[in-house]
Structure formats: structure tokens, C-alpha cells
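Common to both upcoming complexes is chain A, partnered first by chain B, then by chain C.
Our next item is the complex of A and B:
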């Protein structure tokens, strides 16, 4: 909770980033989630990504809905404005915020209850509208805050902590995001920070709708045998298609891998995504192939993770609307209010 | 035999048509021709929730005396729809006129003996002149306009000018339409004389303009500095968003870059619409949505967030007949309570109550200043009658020295200078705290916005005393709103009286006409038009200084009266509801009849007031 202040002390050996900020400057309040919660690892990955990207910590707007995951924006980027909105409706609020000021970085944090059940419609429409954002779903397959009901991403046949078997089909948010036109789609695991941090960094640098489905086990209600969202199950069934390095502009690309095993994708802002292929034939710039590969591996019971799709030249909502390059919230009276002379002409046309 | 009606510049013409037949533009041209002759008109479209094939009516009240409310009754019926023939014929006033297509003979039993029947063989004229089916249908409309105009003494060259303006640059179309117009006029000139109802050139329109309230409100939003609009189509509010879009394209595109100084999103539903508005408002842009009652129902959770987290938003509610889908293409003032107290928990919201398109424009702009100043949702309550009908109204004017009031926003410089920032801290005693725009300062002014209880520094708290302090401050803020809402408009009777009426919105024109009739009957009624909520002290004064107050509304449950009782201690036994809610606009006739019968009845003081049904 926000009333618990974190100590300002930090280890003297910790290095500031290019903007002179310490990792501590990207942290928030002390988390009130359960010890071992996957969501806290994701918060930590977000902090790490923002620190490594040298983001001005106040130039991020973090928005969430309602639920355990939606509480987390309080626990990172404490100098950013945050907005804990209405259950399932974060995408529309984020869309409006983005329209008001296109210069900030928009981070939407949600859960599987918030985005796959009550908010499925808003999730879909924000993606298909092409809002420039990083949308992270902290996916644990369960309603934690109300103590263990199945969510819409629970797999059919998986078991609740009380032994109830889920008979509904699961919603796969990654496939949905691909179908709906997300131009950056990744899946990761809260327990694999080496994979998650670069994915978040790349998503933030992506100038279009970026979606990351992050499996994030609920230690209280969905970490038992029979669950398909437990730490053990995800580790056993995780099939990473690539390893990602985000290389900021103008830095030389260091090739660590054998020739032919790396793909480089240059994003619109100059950042380079260097992808080490783990699955030989996987091409993350081919959306149709990605959809079919995901379906195939999913049928085999595997959880495909990594950067699954990226379109290096995406459009966004501002581009579609042709809005001015300046933030709409900064426009002056002179730019917004046409004045009496325009009214005279309008009046003349109405007689 | 009833004497045929005789009137100059004071009668009602009603066109009965089938929707989708192209009659709307012909009828509108008829009304505009009367206006161009310097004679005011009040027009009302009565239409179904349908695109093609169902009955639609267009009523034109020609009124040199400037009575812009609906009159009720019909003096000349232009009966172009066989489906509604019997009802249309029955509606004609005794001594009135029936204009019809006489191509096919009608049995005498289908007419009335106390009206004058004017038959023009429209179909025959059309079929002789045109072969294509669509041409026959469209030009038939223009032919009847020519015929009716001729019967009523409307100058045909005025209509020719209107046609030339409408089809500017398309000479072939102008020629064809003028030819059709002349066919109608010539047939009448050759076969019959003028009717007892006549339009005579006058000078009673002045420089007023003719515009729909929705269009005016959309323009008001442009002048109010709105940059973000998110909406979902719903009758009768759709044309407001469309007007905003069209005015933005004309007035808000940067001439150098060609880029838009606005962003308009047609959202997936009303919930997303208000979500976008609240996101934009939170981030410092002026934003609005427009909707009708069903949309307000869907938006209520977000409206509560706006109230409690204190985020500016503007909602235009173009009211229609409820509840549920109700009468989606008919007018009512039935969302008042729903808007005033929208959402769960203790909430209340400022409302502006425009009377006509002129106020739709001014209140439409003002709403954005109020929303920023009060950091909450502000409703602008239109209705279908003023929203979707063209009304004669004073030309729009704007003070070029006026600047947007962005309210209390703490800047980077103020934060940098070390000024204390508490997002929910009442530093000025008016209940309104300071806010910051996201991204303003690297280390100061950031906070976490939430709909959950928190202390003045925006920190989560479920302490009872902290909660109570906060919601008490919200009440102080609502008190402050009273001084910012447009003051009510008082019309005193010609002599002192303890009787009064309170009214609002589109009831205005009919009530003003009724006040004249009351005066001529020797009845004295002071009249107060409330223009917003919460009600200011002038409303308290009016309540205190009158023994009997008729509260006139277009809803069943006397919603304004309820607000007057709940918020200002209005005495239920002295507030007498006069209610009209059949979906048609209220008339002076209805108001006079309802109030007169109540005033004549010797009601003992303190007896329960009767609820009047709609006419």
C-alpha cells in the first residue's frame, strides 16, 4: 500500500543509467501482493526495463483496471502518474489518455480476469484501433483477489485448488492479439526475467500496439498439481522460440551466436531487435505463420514464448486520425477556438 | 358547413409522408421559403425508428408572432401517405384544409364535411412528365411543394433561389427541380384559387439563424476547446458527434501541416466512449461524449469514477422517450434524475439545461470550462425536440477576448518552486483541489489516481474520518458549483403574484407563449426558467416567495420537482407537477389547459396535487 514508504538507501555500488537515474528511481511503493506472486517479478522486470532504456521516469503513464495485477502499477515507476481505472475498462481510458498526449509512454497493466472476461471487448478494440501502448497481461488463470475462481484463460480440463475441473474453453490472448492486428506480440513467463525484460524493452520501443501475455503463477490459488498456470507446469511446457536482445540506436550489434541463427529487426525508432533463434524455422515477422505455429504447438500441449510477432513499421491511432504532432492537451486558445469571424460565416450559412 | 379557416402568417401545415421517399429535403425547403419571406417558422420532424417505409410527419408552424413551441392541431394537412390517411384526416382542425393526390378517386366517406379538400393529381402530373421510378418519386415531392406554396401565397422565386443554393454548380439539377416546382404551381394556378391560409412577406425573422440543437452543441464543443470526442451512435444524439466532426474538419485542421487539432473515435460502445473521455480528461485534454438515456445507463460506473477521482468530462445527453428502448425517436426530459445522481454511492453531478440551439452552443462551450474548473462530469441536457429539429435562434456570437478556464492545474514551475501538492487537498476552501497533468515533473506532482478512498495526498486510506473529510469536501465543491452554473431566468407577471411556474429546456417556447395567454386571461404567474443544476440561491428565493408553483416538465415522474424538493427543500404541497410525456413536444395549449383547470378548481391548501396526464 502506498502509505508504506520504501527506504531511500541504496547500495553505493549501484550505477546510474545514462540519464543519471538509479534503478531505485524507477521503483514504487512496497508491494502488498502475496510472497512469491509472479506479478511482483513482472513489476521488477518493468523497473529493470525502464532503467535500462534510460526512460525519464515521469514520462510514462501507467494504467490498469481492477484486480491483483491492476494493483501493481503502484509498485513500480513511483514518479509516473498512474491510473487504477474501472474493471475491464483500462483500454478505453488508456486510449483517451494517449489521444490527449501522444508524447508520453503508455503502459497498460491488466490481468486475465480484467482483460479476458469483463474487458475482452475493450482489449480487442484498443488493439484493433492501433493504440500505441505496451499492454501487459499478468496471466495466472485465476481470480486471486476474490479467492480462486477460474478465469477465462484457464485451460479446459485444468483443476482448481479445490479440485474442480474447468469445463470452459480457454481464451488465448496471444492468438487474439495477432488476429486483431497487434503489431508486436510476445509471450513470457514471470519466472524468466532474462526473457521478459528484453521483451518489455522492445515493446516499449515499439511505436504501435504491443501486447505481452505474461504467465504469472498465483502462489495462493493456482500453483498446485492439475493447474496449467503453475510454476512447475509452465517450466515443463515452456517452448521459447527465440532469445531477444534490444539494442538501442547507434550501438554496434554484438553477434554472440552462430551465423544464421540470428534475425535482426530494426524498429521505426532505430532500435534494433536482435533475435537468437531457438526454433529453427520460426520467423517473427510472419503473422500468418505465427498464428499457425502457435495453434500447432498449443495442440501439442506446449506454451510458446518469446517475441512471437513484430511488424517493424506499424501504424498507430494518431497516424490513422492524422492528429497533430503536438500533444492535444497543449494546444492553445488560438489553435482551438475559431473566434467570431468564423461564426459570422457559419451564421450566414444558416439563414 | 364550418367556415373555412382564414389566417395570415399564423397557421400549422403538416406533411404526412413515408420515410425514405426523399420528402424531408422538399419539406425543409418549404419551411425555409417561409423564413426567407421574413415569417418565423417552428418545425418538427416526427419520425419512426426506421430507415424506409414507415410513416413520418413534418410539422410547420407559421408564426409571425414568434411562437416557436409546437402549437398542436393542424390547419392544412398535406396527406401524402395512404397508410396514415384516416388519422391524418382526423387531425385537421374544423374548417381546416386537406391537400391530397387526387389521381386515384377517393370515396366521399374517406373525407370530412367540415374541412376543405384540395385535390391535385400529383401522380398523373408526374407520370406524364417522368418515366424513371426514382424521378417520379423525388420530383413528386417538389411538385407538391410548388402546388402548396402556390395555394398559400408563398413566392415561388424564393424557392427557386433555395433550389439554386442547394444544387449550386449543378445547373441541370436546378433546371429540373425548378421545372417540377412550376408544374405544381401551374396546375394550381390553372385549376383553383388561393386558400384562406396565406403567407405574407413580413420582417419578423431578423438576423436569426435556423439550426438544430445538436449541430449547435457540436459547434459549442469546438468553441469550448474540446479536442477529444468518443461516441457511439444512438438516436437522437448521433448528429451532435457528426456536427462536431464536420466543424472540426472545417475549423480545426492546421493549415500548414494539414494535421488535425482534434481526435474523434467512434468507440465500440458507450462504456468505451466515456472511458476514452475520462482518460483524455485525466491527461489534460478537453473531451466529451454524446449519447441518450440508454448510454447514460451504461456509463454510470465511469461517471462515479469521474466524480470520486475528480476527472473532468462532458456528456451531452440528448434525451428521448424512456425507459429502456422506450420511444427512441420521440422527445422527453426524462433523464434528469438519472444524470443528476448517476452511479453508485453518494454522487451528484452538475447539469446544464439549454432551452434552444442558441443555448446549446453557449452551454456546449461553457460545459468544458465548468468541467475543468470543477474537475468532474458536467452534463448538457438536450432533448430530441431541440436536438434534432431546426429552431430559429439568435445568431451565434463569441467574445474573442475569452480564454479557456483550465481550472486549478499546478505547473512544472509551481512544483519546482516547492509548492505543496496534495491532489485532494482543499487549499482554497472551495472544495476544489489542484491537479497535475501526467508527465509534468520528474520527481514532484506524480500521484496514483483511483476510485478508492484516499487521503488529501492521494494515498490509499480506508480510515472513516479520512473518507468523511473527502466526501464532505466533494459537497463543498458542489456548493461552489452553484455560483458557476448559469443563473435561472426570471419573468415576472405584469402584477405581483404568489403563483409561479418553474420550467426548463425545450419547454421554454411553449411556456412563453402560454404566459402571454395567461396574461390575456388575467392570470398572473411569475416564471422561473432553471438553466442548470445544482440550483442557485435565486431558485431558493423563488420557492420562498410563491405559495403555489407549477413545475412543468416533459416526463412522467416530475423529475425536476423531485430535485427541487431533495436539494432545495421545496415543499411538495406547493410544487404542483404539470407533466407532458407522450413523446410529442409540449404545447402552450396543453400548459394553459392544465394550469387553468387547476387554478379554477378550488383546491384547499395542503391537499395532494393531482398528476396531470399528457394530452
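Our next item is the complex of A and C:
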């Protein structure tokens, strides 16, 4: 952590976005995490993404659980709504908030302990229900706040800082999210903002459950030889299948790459994701192929990153439930309490 | 590009923009920290060592440091460095015990110094502790040169001059011969001095030879001569309507002095545009504040007179045209000439050095402008043992330049007198020391003040205009001084990067408030400058570039707007970044010891 607040002075060349905000306006209070923590880079990527998307800060709700990762919403989007919930319970609080007000942009921030251990069930059900949100797991494979025990995402065979070998199988949250029906699934690395920032932007624009597993080295407890979540290990084994270059409101003009190396995915809201293919045969719209590719590369010891799956026509919980189009707090008493005749009609319909 | 070479004093010295810009390389952030700490005596001595006249310069310096100040690039205005110097001078208690000891033993060498202005006094101060016998000649009855004769008392009180000139003239071995003008260098050389230093300034004010000049002589005065007469009490009045011709700092002193000697309608008329005037912006502001209009683009054509009395000045109205090389020409605007009535005119259109008293047959070469040829590093003339400094060397500049010349000339004189080569000069010493005191603690205050520049309190205008000897600026009090000192970014506390410790975690990139740091693929400098977090478009400012890192990238830091807040070092998990204080030790003659 740092004792002084980050000085308000900024580079004179910083440009405002369409709303007139500078990137610095999307910051939060100064981080109290350890120096070098990957989570701070993810916060910085979220700030950059929100700035570039011209997000109105008051239209964003950030929710988190408990843990190092779940502290981070304090460190970005300081002018947005925030809810630091109970350990592992962020997904259900987020689901409730989303049902009450579908017009906000929901950002769920969690860690491998919060989402893969105590909150695994919550995670699973929020994804399978199709809540429209961006769910970011800051995955360091270790319980940092309690001094470095293995977490549920630690790979079998990896070593703790003190040399203990992990005997348990790891939960792969990306595979889980794909099986459970997430319509946008990505994996990235806190040390690669060029990949991470466009992914977060695309996830926020995605009108369905979007999940990003972000490997985020814990410098204090999981950045040693024998760890599979260290800066060095992730860099050595990172296999990016594609690079998301542009998110545009219409089909972008492609000039940079050889023909056939770019794939465009048009989403339901008209936005176009332009992906530069790094792995020749990878098709990010084929969920089954994605699952098997992930399993294959995982067995080979590689960490597959990039936009792994996107369904351009996702549904969401509101669509499934047929809820009202408007936030509950904007409904009048008459709409909320329609009266005896309305009840009679409903009862009649059930006879 | 090649990794930045930070060995040697220059790279990090250049980062301290103020110190680099100061001709005497005063360690500005160091003394500002001492002021913030209430250690005024120590802050004064840091200045005294570098620039000899902190109290004088704290009121009158041309401040080359302030346009250079990094703070001016991250917000509106630079730190008020100059007026902070005055805070140290005003609030010091007793600096005598801190003055360097003087050796009792004389070294038997005699040096004559012509003029007793800032250049000569600097030479004397640097050489006296080494045991030299120093004889200062001055044509005026009092020492101090232009500090005393040309700068008006309402900007610089007599006591300040007496005190700081006194610190030099009281030194053992220094002998003052006032009222004794040297009229032959040949005769002086014949007296057998081991060296002669010419610090006689640029004492000749340029005249304006236009019609009517002869007839109006009684009411048309040369600016610097007139100021000098006011300073020495020979002139106490001026007419009600005064026109000052010229746009430099002397013109500003002339008009403001006139306002205090009975001038009610005082105006400055200048050939150039307002923006291009030579006067410092703050001096123009001060003049305007005293109800003095500045009329620009007017070229004086004639002094008008009636019955032998000056009645006014006629001006041609011009405009600026720039040729393809960007050179300015003033061309007639075609508008009819203007006539401005007045009772007195002060001519402040420049000044020059003049050496009628230097014989041309003594082995001292003059150039085609009839100025002595002086080596810009050693300050030696073509005749061995004769040195020049201050305005006498390269024309009119500011006091701080005279001091810088004096230091360099003193080194040369010492080497000359010790029989050494004057071209063989000791380099400055320097050091870099980590300022880390604890995990998040530094020996300096890195919490940056967001205050805007504080204004210096002034005496009420009506009171100020009543008396030419009452100081108009009141100076910062200690509370304002502290607040202004806190605006300093501590640029001498350097961000030092160790390539081999970096794990490329991006923590420094994320925390840097001004986007100085980028990890990127290597490239040539012009390309690299475009690819940074914030493009590095200020080419005067260097890039700190690391060697290749494990991912093959390089770390590039643009020094331009770095706040020196140390957050990169605080967030660095491996100590690859460290905040280290850079100290530059200029080599002055008095530190060189008896044998050069």
C-alpha cells in the first residue's frame, strides 16, 4: 500500500472522452494491496476500459465479495455505485440488483477463493441463469489475505512458496463458465493490458453473462519457481488464440492484417468485435470446439488466453422471466399495486 | 535505442531543470526543502555558496530557473523560486558561524579586480579563503557595482546590499580602493599583479541620436546614468509627464522610479510588440500595476521643443513583418505620426561595454566589434593573466551570470597563479543517495501540494509611490513561504531504475499519476517517443531507457512531467525503482585547496 494519495496532477496531454471525463476521473481511492499485486493492473485496465467506452460513472454498479480481489472496487470507478457483499455471495446480490434495475451496467469482481471455493455455487447459478453482467475473477491461485494457502484454482503439482506440493485438482473456471452457459468467456493476464482492456470493453458491451478469468500473480505468496500463476510462468505458457483489436459500432475497415486472419463477430446490439487470429483454426463462436481445445491445451501445460467464446445472440434473465422493461424504482404505486380487479383477472386465468 | 547512460553528473543534473538552467547551478530543491523545514540559515548558506548574493538575487534575479521549472509544465505556474530565496535571506538568524574559515596564512599572490560589482566580488570571495591579496578598484564611492547604482532602492534596500557585499569585503586579504577609476590597464599591469580581473560591467547607456536631441539635452536623460544619480541621491525630482523609451528591465526601473519622484503621467514607449519586449514579464506587470501604460510598435522620430525646452516626442507607428527566415522587420503602418507631450524623457534603449582605458598594444586582442576576445570557459583574454567576467566579458546579462562568470574566472585565476594550465579544470563532483527510510517512508515530503503559485504581498500602492527608498514587495512571510515551498516537486530526488531487478509487473505504470512510464518494444528514439503511454513531445526532456528486460521489452520513462512523487518506487515490489537524491558539487576555487 501507499501512504499518500495519488497526486491529482495529471499529464497535460490527457484527452477527455465523449463525456468530458479524463481517464484519471475513473480512478478510485489509492490501493492498499501489496506492491506489485496483479489486481492493481486489473483495476487499471477497468479504468481504461470505462474511460474508452465513455461510461457514465453513475450508471455503473460494482459488486464484490471478500478477499484481496474483492477490495479492488474501491480502487476504480470512485464515482460509481458499489456493494462489498458477504464472502462468496456477490453473484446473488448482483442478480437481485440486476432484477431490480436492469438499466445499470453490472460489474462483478471476485477472486478464486470467493468464486471457486466458498462461492462456487453462487457463481454457477448466476452464470446459468444468464444474468447480464461482466464477471471478472482476479485469479492468483492462492489465499493471499490468509498468508498463501492453495486455493481451489491452484494447479495440481504446483508448489507453495514454502515448497509444499498441491495434491488437489484445480477448478478451471473458464471451462466451468462455458459448460454453465456463459455467452462471453475470456481469459487474460494482468500483465498484458493490450489484451485485457479490449476484452473488458467487449464484455461490458456484451448483453448477457460475460465471464473473464484474469490470471493475476500474487507477488507476495505466489510468484516463485514452482508456481503456475507467477509472472514468469504465465508469460512462458501463455498461448493467446486471438487478439481483440477493435470494438466498433459498425463493421470496421480492416487494413492491418493479411486477408483471412481477421474474424469479425457482430453482436446483438450491432457492435462488432474484430479479432486478429493468432491460432489458425480457432473459432470463438463454437462452444464445443472451445471446450475441447481448452482441455487439449491444458493437458499440454499451456494457458489459453484471448476471447475464447462469444455467442452473438445471447439471452438474459430478464428475457427469460419476462420482467418489466423499467427499473422497479421508476414504477408508480398504481403499476405496483394494480388492485382487486387485476388480481381477479389473474385468478380467473388460473381456474 | 541505446540504454540511457546515467553515469557522470550530466543526466540527472539535467532532470533538475531549475538547477540546470541556473548559470551558477544553485541546488534549488535542496534549499527549498530547508526553507520548508524552517532551516533558514542552512537554506541561505546553500545559496550563498552557489550565488553569493541570496538577498539581492531573491529580489532582483532574472530567474532563468522559473521558466525551466517542471511545475510550470504540470500546472499553470512554476514555483516562486526567486522569492523563496528571499525568504531564506529575510528569516535567517546568524550565518556568520556557517561561513567557511579563512586561512590565516597568505599565499603571497596579488590580484587586481577592476570594478566592485557582482563578478569581481564573486572572484574575491572564492579566492580570499585561499590566502590571496585582492585589490578591488571602483570609480564609484561605494562598492557593489550595478547592484547599487542601477537597481532602484524600492526593489532592493540598501541594508541588503551592505550586508551581502560586506560578507565579501570584510574577508582578510580584500582591499577596497573606492573612488579610484582605472584609466589605463597598461599602467595597472605595470604594478606587477599576479593576475588582473576585469569586472567593470557595461557602463555606457546607449543614446538616441534623433532630431532635437541636442536642443533638449537638459530634459533627455540616459536611463542607467539617471538611475545611478537617483541611487546616489543626486537626483530627487522629475517632471510631471515622463516618457521612457525602451522595453528592457532598465526601462521598467526608470518608469517606476519616475512615478516615485513626482512623475504623474509616466508612460513607456517601445519599438517592438509588447510580447517581444526584453523586460521580464513580472517587471512589466509591476509597471502596469503602478498605472504606467506601455505603448508598443512606436519608433521615436524626433524630440520636439519650444524656446529651448522639451515639449514631447514624435513617434512613427509601425507593425511587425516577418520574412521567410522568421526575422522581424518593423515597417511603417502608414498611419499618421503620433506626438506625445512630456516634460522629461528617459532613454533606456540598451547599454554596452566600453574599454577606452584598455590600450590596444598590450597583447590583448579585440574582435571586429571592438570587444576584447575572451575564452568562454576560462574567461581569460588573449593576454595571459588577464581575465574578464560579468557584463564586461560578453555584454549585458543578469547578476546571476556575473556570479557564474566570477566562479569560473576564480578557478582560472587560481590555476594561473599556481602555474597550472587554466584549461585543465576539475569536473563537478556529484552523488546519488537513496532516500528510502522505511517501506513507505522517504526522507523528503512526497505528498504533492495542489496549491497554485502564491502571490508575493505588496505594499499598498499609494504608500509605495510616495518614497523611492521604501521596498515595494513585502516578501513571503514564513507561512506563505512554507506553502510555496511545498509546491516544489523535489526534482533532485531522482527516479533511478535497476534493469536486473524488474519483474515487469506494471505496478509503476499503473500508479504513475502523469503516465511517465511505459514498457514497450525497443525502437529508435523518435519512434519510441510516439509510442509511450503519453507521447513524449517535449524534445528538450530526455528519456530514461533501460536495457532489454526478460520479455524483450524496454522500460522507457519520459522525464518531462515526472512529479518525483516516488509512487513508482513505493509500488515496486522488488526495489527496481528507487528514489535517490542527486547532489552536485560545483568546483569553486575555494574548494580546490592551496595548490590547484
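Throughout what follows, the second predicted complex is superposed on the first by the 324 of 351 C-alpha atoms of A that agree within 3 Å, B and C clash if a C-alpha of one lies under 4 Å from a C-alpha of the other, contacts with A are read in each partner's own complex, and residues count from 1 in each chain.
In this section, a residue touches a chain if its C-beta (ideal position, glycine included) is under 8 Å from a C-beta of that chain, and two chains touch if they have at least 3 such contacts.
What you see is a predicted model, and the numbers here were worked out from it, not measured in a lab.
Annotation for the three-chain superposition on chain A: chain B and chain C fit side by side. With both structures placed on the common chain, the touch criterion links A:38 to chain C but leaves chain B unconnected. Within the superposed three-chain model, A:323 lies in touch with chain B and out of touch with chain C [touch as defined at top].
The superposition of the two structures on chain A yields an angle of 130 degrees at the Cα centre of chain A, opening toward chain B and chain C, reported in steps of 10.
In the superposition on chain A, A:55 makes contact with neither chain B nor chain C.
Comparing chain B with chain C, more residues of chain A are touched by B.
Of the two partner chains placed around the shared chain by superposition, chain C is the only one that A:193 touches, whereas chain B remains out of contact.
Minimum Cα separation between chain B and chain C in the superposed model: 21 Å. Across the superposed pair, chain B and chain C both touch chain A at residues 1-3. Residues 35, 207-211, 219, 222-223, 225, 227-228, 230, 251-252, 254, 257-265, 267-269, 271-285, 287, 301-302, 305, 395-400, 402-404, 436-443, 446-452, 458-461 of chain B are the ones that touch chain A when the two sit in their complex. Across the interface of their complex, chain B is touched by residues 1-3, 56-59, 61, 63, 73-74, 78-86, 89, 91-101, 103-104, 121-122, 124-125, 129, 317-318, 321-325, 327-329, 331, 333, 335-340, 342-343, 346-347, 350-351 of chain A.
Those residues of chain C lying in contact with chain A across their complex are 73-75, 440-441, 446-448, 450, 503-507, 509-511, 513-516, 534-535, 537, 550-551, 561, 563, 565, 567, 570-574. Of all residues in chain A, those touching chain C in their complex are 1-14, 24, 31, 34-38, 40-41, 43-44, 190-191, 193, 217, 219-220, 223, 231-232, 235.
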